[in-house]
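Labels run A, B, C and D following the written order; every chain starts at residue 1.
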Amino acid sequence: MLDLTTQIGTLTLKNPIMPASGTFSEDLAQVFDLDILGAHVTKTITREKRSGNPTPRVCEVRGSMLNSIGIPSKGLDAFKTNVIPFYKNYDAPLIVSISAGSADEFASLCEDISVPGVAAIEVNISCPNIEEDGKAFAMRPSTTEAVMRKLRNATDLPLWAKLTPNTGETTEVAKAAEEAGADALVVSNTLLAMAIDINTKRPKLGNLMGGLSGPAFKPIALRMAYQCAKSVEIPVIGCGGISTIEDVIEYLIAGASAVQVGTATFINPPIMVKMVEGLESYLQSQGLHSVKQLIGSVVDQEASDGLVFMEAAP
Amino acid sequence: MAKPIHEVECTIISNEPVNGEYRLLVLNAPSKILDCEPGQFFHLLCPVSDTLQPYLRRPMSIYGYYPDKGELHFLYKVTGEGTSAIATLKAGDNFNVLGPLGRGFDILPNWQNLLLVARGVGLATLAPLALEARRLNRKLTAICSARSDQFLLSLDYFRELGATVIPLTDEAGTSSVENMHSIIEGLIADEGIDAMYTCGSNRILKLLQTVGKEHNIPGQIALEQQMACGIGMCQCCVRAFNRNGAIVNERVCREGPVFDLQEAIGC
Amino acid sequence: MLDLTTQIGTLTLKNPIMPASGTFSEDLAQVFDLDILGAHVTKTITREKRSGNPTPRVCEVRGSMLNSIGIPSKGLDAFKTNVIPFYKNYDAPLIVSISAGSADEFASLCEDISVPGVAAIEVNISCPNIEEDGKAFAMRPSTTEAVMRKLRNATDLPLWAKLTPNTGETTEVAKAAEEAGADALVVSNTLLAMAIDINTKRPKLGNLMGGLSGPAFKPIALRMAYQCAKSVEIPVIGCGGISTIEDVIEYLIAGASAVQVGTATFINPPIMVKMVEGLESYLQSQGLHSVKQLIGSVVDQEASDGLVFMEAAP
Amino acid sequence: MAKPIHEVECTIISNEPVNGEYRLLVLNAPSKILDCEPGQFFHLLCPVSDTLQPYLRRPMSIYGYYPDKGELHFLYKVTGEGTSAIATLKAGDNFNVLGPLGRGFDILPNWQNLLLVARGVGLATLAPLALEARRLNRKLTAICSARSDQFLLSLDYFRELGATVIPLTDEAGTSSVENMHSIIEGLIADEGIDAMYTCGSNRILKLLQTVGKEHNIPGQIALEQQMACGIGMCQCCVRAFNRNGAIVNERVCREGPVFDLQEAIGC
């Protein structure tokens, strides 16, 4: 029997494939049976209603995309009334992604969303910390630790910290999140980028800049996932540019205990189903019986000792 | 639950220019994706080559769907990288489509006299409405506006379906808003209009909103917005609408692409 | 008459197209007349001989590449004897890229390379600062400022500071470099990334990690070039993923006064020649008479005020 | 100054399988790129499609260059994304090549009896040497080793050029190092060998180094290494060599791909 399960803290997922926040919604149930997934991860919500960023909110770059959706949100109450009940029809655990502009608001939202039907909370600490200088919480170890401590005190549910690539301190931030009580790290959110329409001379996004996601982003996020897996004990959930089953395997080998698939679902909506099937065939073809045999199996030998904390490109 | 959305590989039957600006793409398609409504669209995966490398899918209205012969038609204009890539497809090639998507046009039981006002490639979106009108035995008048006769698409198609066609062109100087307005007033005075349909153009939207308010005629408009997912997940395709005195954002791919005429806001 | 010249401090370049360090050498003279270029930029050299990183030193990722060449160097003396004389045959100014593991060594190399034939010195401060924690000088404003001050005192030649994308403090670092006396910023070096061969489970680079360059990197480097151009007065030289004339134009519009072309030359060795020609035709087609009309012509309006210092992806 | 390096679009004449593992690519090429030396290579820009998207160029030895008929030949094995993409090219397609590149084989004036030892696709690299040997009127013996007869490429080609061919196969049990060694010793004893050429295989390299040292026979080897630029700029293609008792790094694309046999270090 093939064992596709993976362990994220106290949660056992029936397979390591799940959607990334903001690239998934109830609508995808029209494409395939959502119970095929290891978990369901919602778009980030805020307590208050928000309308999000001006359009255009996405643009294409060579083989990938930028987005500046912002966090349009129907608010906490609408979410509890409409969204949580929808996912109760499924066995897969529901992971709710939340965000706020200050550590205290973050913690109070975290407390209020800790309700039956929610299996874990993904805290999108890659969003700007408005109280301080507007830099995302997850850009610095100190702000990461501060917000994570408050979040940890606000809930008994598992806490997944979603990191940002917009930092030179990936491993320090990862350790700070672990230290402050995160149960898992999601690595990572999108990378700040920009595109300009040379005909109109206007930025291609209404918001001027946006986050890079998709295949172009993979080598960066994979590097971060590897660095994090080497520097913390808690599980790492890899996220960034995963489009094929080979990408899933690459992240698992690098040390990720599970993966999140984002942009690829836009291009190929049933892709996660194919990845679950592909993972099964891959294990079979390799004579492996469990996904766990794959996780962290990278052959990095001595190289890893000296270099894992390397942050400058060589 | 809503109908399933399918991602399937179709085969190209043909992909030929219709006139200088538009091309007709005819696909051999499985019947499961041909249970469509006029106004719905598909999200198309463009081919990649040395010179053209579009990444996101491209939304395209259904120009025709024929479950009996297993065909799906699109009428498109080559405007950028994605549509240029689609234009390179040849008979026999595979082509990946996602759909049908979105909410189509309504034809309520008491809407007997229908008016359709279209400009340019907008006809692609409105064409299936003509077919449906005939199926439901409604009377349809189509005002079709374009730069010149050469760009007046589908007129024969509309006529074949029993529609009355009123062609207007910039070239002939007949396409002004004023002229369109008086033609529509004429139609209303003559045999009346129960519902109006349009898409795209701002000028036409404003005109129909005015006429609709004055004569209390309901209407619908198909709108466009850039899309990533096409099925409601990413929230990139929102547009603002006037609803009960407030501004609300709706997803064009999911709550649309067809919206209430009076709620729509031009851009 | 079309004016392709651009001004980088006291240096006037006959056009804004030049190669990026490490992706150019005397060998390219076999492909085209090197005097077509706005400037010549050498591979980074160190004072001592170095052999560079283990192979494989490059790998392919979706539509781009990673490299971990390291800085193999024949040393200062060999450079002065063999390389500088070669470039004396050309009118284009010679920009020598240098690096060192500590600020003092950096400064002494800078002094010793300030010889006739050298028009400016590009200081690769994206390399690890070995004296401190191994993070690159350009990852933090403080280390940037410290090393730039010493470099400034070591030479009278123009100093171009080459920044790194491996930081969450792009604008702060840019300002620190300006403050300490840099004459221009080169934005930027490669972004730390990784790829694993799923068959062998080994990292695809001998050095475990390497720097992403090429088209996938463009939206990130363009964003940095834009941020820097908005936050400093000195010229910014854009670098990252530039492969077509449209890319060149996009960087100029974003605020770059010149551009460096790296990886694209590997795929298409005469590409810089085509870019110079393309720039001319573009100006003509737009009815512009000078490159300077293009530089910084981005239509960003109010958006730029609030958002230019945004570092978190939205 | 060194000869110019050209980047040009060629046209595919044919691109057919030669046997189960190898394909022959024949290009129509301008004469300016056909001023080649045996052992040099070209750097090939692979086509991009929906399924195959190689980015870097791929280095490939010149299998044949024919200035008279304007042809350039490559013999290649499909091993990954790049060569798979090259395999999709059809007669009439354009194909961008960069070259000729690198330093080829030497045939010094006093080298009369030449020995070439090749395994597998290595023959592709050594084939032009046979042509050049005939042009210079040298005697050539080619020991060709492969898994089985089916993979013994180019034997007829070598024979046509007047070479003596000694085929060895794993299948027939004739390809062992020991057997090869005794064959070479036989050749040396018989009419002597003035220079040895090989490429690729570690086992063969070691054998020829031993033989070369013992009998004081010079030799050259063509080596491979992953390449980005192919012309000497990036320094990714270095390999280590033994020179005057020290280890030195050399660029395979520039100082090679042909190196002194004794200096080479296997991997």
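Simple rule for what comes next: a contact is a pair of C-beta atoms (placed from the backbone, for glycine too) under 8 Å apart; a residue touches a chain by one contact, two chains touch by 3 or more.
Since the model is a prediction, treat every value here as computed from it, not as a measurement.
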Could you tell me which chains make contact with chain B and chain C both?
A, D
In angstrom, rounded to a whole number, how far apart do the mean CA points of chain A and chain C lie?
32
Find the geometric centre of each of chain B and chain D from their Cα atoms only, then give the gap between the two centres in Å, rounded to an integer.
59
Between chain C and chain D, what is the separation of their C-alpha centroids in Å?
37
What positions in chain D touch 2 or more of the other chains?
53
Two or more other chains touching the same residue: where does that happen in chain A?
61-64, 69
Have a look at which chains touch which and call the overall pattern line, ring, star, complete or other.
ring
Every pair of chains that touch: which are they?
A-B, A-C, B-D, C-D
Seen from chain B, its contact residues with chain A in the complex are 1-7, 45, 53-57, 81, 98, 225-226, 228-236, 238-239, 249, 254
What part of chain D is in contact with chain B in the complex they form?
47-50, 53
Which bits of chain A are touching chain B when the two form their complex?
22-25, 27-31, 43, 51-52, 55-65, 67, 69, 72, 214, 263, 265-270
In the complex of these two chains, what residues of chain C are touching chain A?
53, 61-64, 66, 68-70, 126-128, 134-136, 139-140, 164, 166-169, 189-196, 198, 200-203, 206-212, 215-220, 222-223, 226, 241, 246, 249-250, 253-254, 297-300, 303-304, 307-314
